[in-house]
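Each of the next two complexes has chain A plus one other chain: chain B in the first, chain C in the second.
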Partner chain A sequence: MYIPITVDHIARVEGKGGIEIVMSDDGVKEVKLNIIEGPRFFEAITIGKKLEEALAVYPRICSFCSAAHKLTAVEAAEKAVGFTPREEIQDLRDIVYIGDMIESHALHLYLLVLPDYLGYSNPLSMLDRYRKEIEYAMALKNIGAKIMDYLASRPIHQENAVIGGFGKLPTKAQFEELKRELKEALPMAEYTVELFSKLEQYKEVEDKEMVHMAVKPRNGVYGIFGDYVKVSDGFEFPVEDYQKHIVERVVEHSFAKHSFYRGKPFMVGAISRIVNNAHLLYGRAKELYAQYKDLLRYDNCFANNFAQALELVYFIERAIDLIDDTLAKWPIKPRDEVEMKDGRGVSLTEAPRGILAYTIEVRDGKVAYADIITPTAMNLAIMERHVRMMAEKHYNDDPEKLKLLSEMTVRAYDPCISCSVHVVKL
Partner chain B sequence: MENGKVRVGFYALTSCYGCQLQFAMMDEIIQLLDKASIECWFMVERDSDEDREVDIAFIEGSISTEEEAELVKKIREKAKIVVAVGACATQGGVQSWGNDRKLEELWKTVYGDAKVKFQPKMAEPVENYIKVDYRLYGCPPEKKDFLYALGTFLVGSWPEDIDYPVCVECRLKGYPCVLIEKGEPCLGPITRAGCDARCPGYGIACIGCRGAIGYDVAWFDSLARVFREKGLTKEEILERMRIFNAHNPRLEEMIDKIFEEGE
Partner chain C sequence: MESLILALGNELMKDDGVGLKAGRILAQKGYNVIEIGTDIFRLQRHYNGEERLIIIDAILSEEFRPGEVIYLSGEEIFEKLKAEIRSAHFMGAVDGLKLLMALDERLKNAELHFIGVVAKEVELGMELSEEVEKAIPRVVELVEKLAGN
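Presenting the complex of A and B:
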């Protein structure tokens, strides 16, 4: 009789989940990621509600990526009612989304991941010896937050992103300020790349069968919005077909469903974007990619941490370029009138943690159907597989060591458990 | 207090983790934590334990499982001060928007006939289960709400509730009125201030994330009358006001009153 090794509540991730490793005489019998947060039924509670009100509620699925939820939901809603935003509005949405990306990556890398590698249980106690790292984390997080603050009203649960555009835009001076601070943040992002290039990517979870999925960027530049999904096995499909290729299943140990592609687990996230779209990088990130290509491995989920560090550099430069484009077109009309038609819209975007999928069907200005699949829900199945691989190598070791390594495997995926709990098929 | 440090716990029930994120993202947290020891805060501290005694317990999230109902009782026993933080803990959160429908119906919509090994519930505010000493409102609360509350606790005092609506701050800021000038269903008149009228400042109608003002001065009925004149139906008015006030005991009867009056 073996007592299962359990982590009741995985620390330093967004949301509430646990790990359960069950042993037998033959080694590891079962590994389960228990998702213990309560269900919130987001898609169900917004059915029959006014579209604008539903769009205010969806971002509340998650705080770390509320802007991602907001902008993906708004795009799906605009497609549903038959509206296409002007290019300058799309650029501004990209900037907001990048703000979310920078903030989320900075928090994940420095506050959630780094303490494990430096031997701390929390990031705040690192302050004495690693003040510079904590200060960089705060500064990077602050510039991401400030972008969302100025453009979208606040860093968590933005209200200023609506069908047709924005209620109000920042001033030219505010854009200049953001650009100045982004430039100041760039060396910190490069330092992050250097720092994370030294951190171990555990060989125990090396997985040659790993398949990665990412949105194919719309305008030929590494980015967030797109109309097709690329799979690392060479397959491509239009975003509208995601329900055919990403198949969900309920598992009894979780309020979150698991997702499969061709019957098998797959990964989404920063490393999946790099695997599928690295040729679309430009600027400093392109140079760094060439330099560190060997660390951006498709077969190791720990590479996701390093891929996020590289993306910090990329997205900071990209935001500066997008601000330049915006200022060149100044003044910009913030919002267009949108006529509400009935219809169905699908949007897939690259949230900080990977593909975020929204389908919204609109009838008489109200939500008639909604389907949301979050990146963490897509990753849960493969995450379990990799925790299992870790456990198979270490089940004879000190349980505390196994617990830590299992947690680190989970943290490499940057899971957002609140996000994953509420996935719906009607 | 232990070694002159305030023992703090930050606990999450069912939520988006945004209240903790807001708290963790404050630059001031570095100074504050010199004066505090974190006993339980899973989002940042691996060495966390829900069984430790604390001076101040911050609770985020709604009670949405039987396990969470048990957890809050334990937190109450171990804590001197319990603070409910954010819209989920104080008002049941946006997940309560669906409480006009049955749990079984919501469950079936999302999960079909599948079963999981945890017991779900309809979302409820924390104070339906335990005594709550103070509340920080908002979705998420403002950074200044945290600073103010912690500051008052550290000097042995307590945070005062805000008893006036968003409109007061909106007028002071000089923003154009979203309700009267733009004709949109702004909930500013019934919603607790403290956000500096952020959304109306962007020309966006308030959705009431800080909850209805207390002390029976949230005039749902007067605002419903204005909305009705703008062509909103009773259901539309109720649904909008319920996003963040689904558990408010006075909401429905006050709206009923307006519609019983007739045109």
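Presenting the complex of A and C:
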């Protein structure tokens, strides 16, 4: 007898996806994540477009990760045409990207993950009892959004970030305002660490074979941009070689390809960054890392939630430092002229959900080839493995409990399954 | 009475971009428009206490024909747009709006209007279908009527 347990639409993940667990008399027969994943199809839209036009399309793939898409695409494009930005421009890009990181982590932790642990179906129903937590979520999200608003001009589509630098820069007073608000946000981030340190990391999905992948930060400080990828098995490879080491395979049940490293699933995300790069943390986050090291487990995907909480503290402090560096160099020329040349550029950056890979090939000022792999696509295979582990431990339990635990497992990865459509139904 | 126009959608998905395209026309005419995209929470940072909110978005409907303009107001918005599909992201725009209203008394008291255009094609592409394109002047006209004090 087969009993299919289906979650048609995983509540509170970004986009649309479903989990299908097929049970037989003697256990779990099959687990499938049915995913509709958008970005892959967007590559096609940009082929043949002028480079600047294409760079306006990429951030539209996702409202929530628009800075990540934009800045990764810009770096790939600059590499393609043989341009390297000045250090102060790179610092400003780090600040924008940190805005994305803060906004995304705050939403994920408080509005997506926390309701499960507190026994609520959605954040709205939490409001009476946990108003402070919802307000912290919105305040943290807002400082992230404000950073992107000030530096990237338009809050959603980042049109101010361009090849060669920025269209225009915020005023010194705006940087000072951001710094002040980031300082005010720091206690909320520390509260987040304390709160999430108390939440269970389910042992059912402990996986000693977990392999984590993260970009090796370029400047020796825990961060976002880099030229190499580190794997937790000790291997490193240049970002240009990602298509050799991150091998995508079509799977029958999903529109999205699954990714493998040396034939096996792997994980990317906040916990993967911590596993590979924790020694590069500094400041309060370094102290918190020492205090909570046992919770930052390489072998449990639920540790990703806590890793995001720790990163909130880190990235807020890091943004303050980068703003100080920026102000020390003020005034800054926003943009350098870039000469268009033919070429191919690869950029791998650390998006909130893990490695985001872009390859852009430029010919006669137009995009001749583009390849995008999102962190969610990289995580799909290992996500499926861990849902299966959870299902195997709970197949005799109440199906509702199994559904919830399976959804929580998926949510721990903070997947962004498809940000492409949002229409309402009448 | 001050109005804020919220343009929702994703213009990479054909008719889903109708809200943004109508919103840009209104912005050029001098109206107070914010492009929300697929993240309703952007509203919070850009809300300055306007007493009237006008949401423009694409809708899917089996009952109405592509290009039809549907108008809802007040509570009716939450009652009729319950079943959000493929909704952005964890909560969907309507539930997200409810949360924001619970957090901000001014928003809770604001007059709410929703203008939806029935989509024909919601798939990869940057062009609107002919039916939806033709609906834009009606959307603009309706917003101007609502926003006129």
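Here is the rule we use: the second predicted complex is superposed on the first by the 411 of 426 C-alpha atoms of A that agree within 3 Å, B and C clash if a C-alpha of one lies under 4 Å from a C-alpha of the other, contacts with A are read in each partner's own complex, and residues count from 1 in each chain.
The working rule: a contact is a pair of C-beta atoms (placed from the backbone, for glycine too) under 8 Å apart; a residue touches a chain by one contact, two chains touch by 3 or more.
All values derive from a computational prediction rather than experimental measurement.
Contact comparison for chain A: of chain B and chain C, B touches the greater number of residues. Legend: residue contacts after superposition of the two complexes on their common chain; A:Glu159 is shown touching chain B, with no touch to chain C.
By the touch criterion defined above, A:Ser121 reaches chain B but does not reach chain C. Shared-chain residue A:Leu111: touches chain B and chain C both. When the shared chain is aligned, chain C comes close enough to touch A:Lys146, but chain B does not. Of the two partner chains placed by the overlay, chain B and chain C both lie in contact with A:Met138. By the touch criterion defined above, A:Phe64 reaches both chain B and chain C. By the document's definition of touching, of the two partners only chain B reaches A:Ala56; chain C does not.
Using the contact criterion defined above for the overlaid structures, shared-chain residue A:Glu43 touches chain B, although it does not reach chain C. When the shared chain is aligned, no partner comes close enough to touch A:Asn305: not chain B, not chain C.
Residues 11-16, 41-42, 44-45, 57, 60-61, 63-64, 66, 107, 111, 122-124, 127, 134, 138, 141-142, 145, 154-157, 418, 421-426 of chain A are contacted both by chain B in one complex and by chain C in the other.
Those residues of chain B that touch chain A in the shared complex are 12-19, 21-22, 24-25, 27, 29-30, 33, 38, 41-48, 62-65, 67-68, 93-95, 97-98, 101, 105-107, 109-112, 114-118, 120-121, 123, 139-140, 198-199, 201-204, 207, 209, 236, 239-240, 243. Residues 8-13, 16, 35-39, 41-42, 44-46, 57-61, 63-64, 70, 80-81, 83-95, 98-99, 102-103, 116, 118-119, 122, 124-126 of chain C are the ones touching chain A in the complex.
Looking at the complex, you find that chain A touches chain C at residues 11-16, 41-42, 44-45, 57, 60-61, 63-64, 66, 107, 111-112, 122-124, 127, 134-135, 138, 141-142, 145-146, 149, 154-157, 418-426.
In the complex of the two chains, the chain A residues touching chain B come out as 9-16, 36-47, 49-50, 53, 56-57, 60-64, 66, 107, 111, 115, 121-124, 127, 134, 138, 141-142, 145, 153-157, 159-160, 162, 166-168, 250-255, 257, 407, 418, 421-426.
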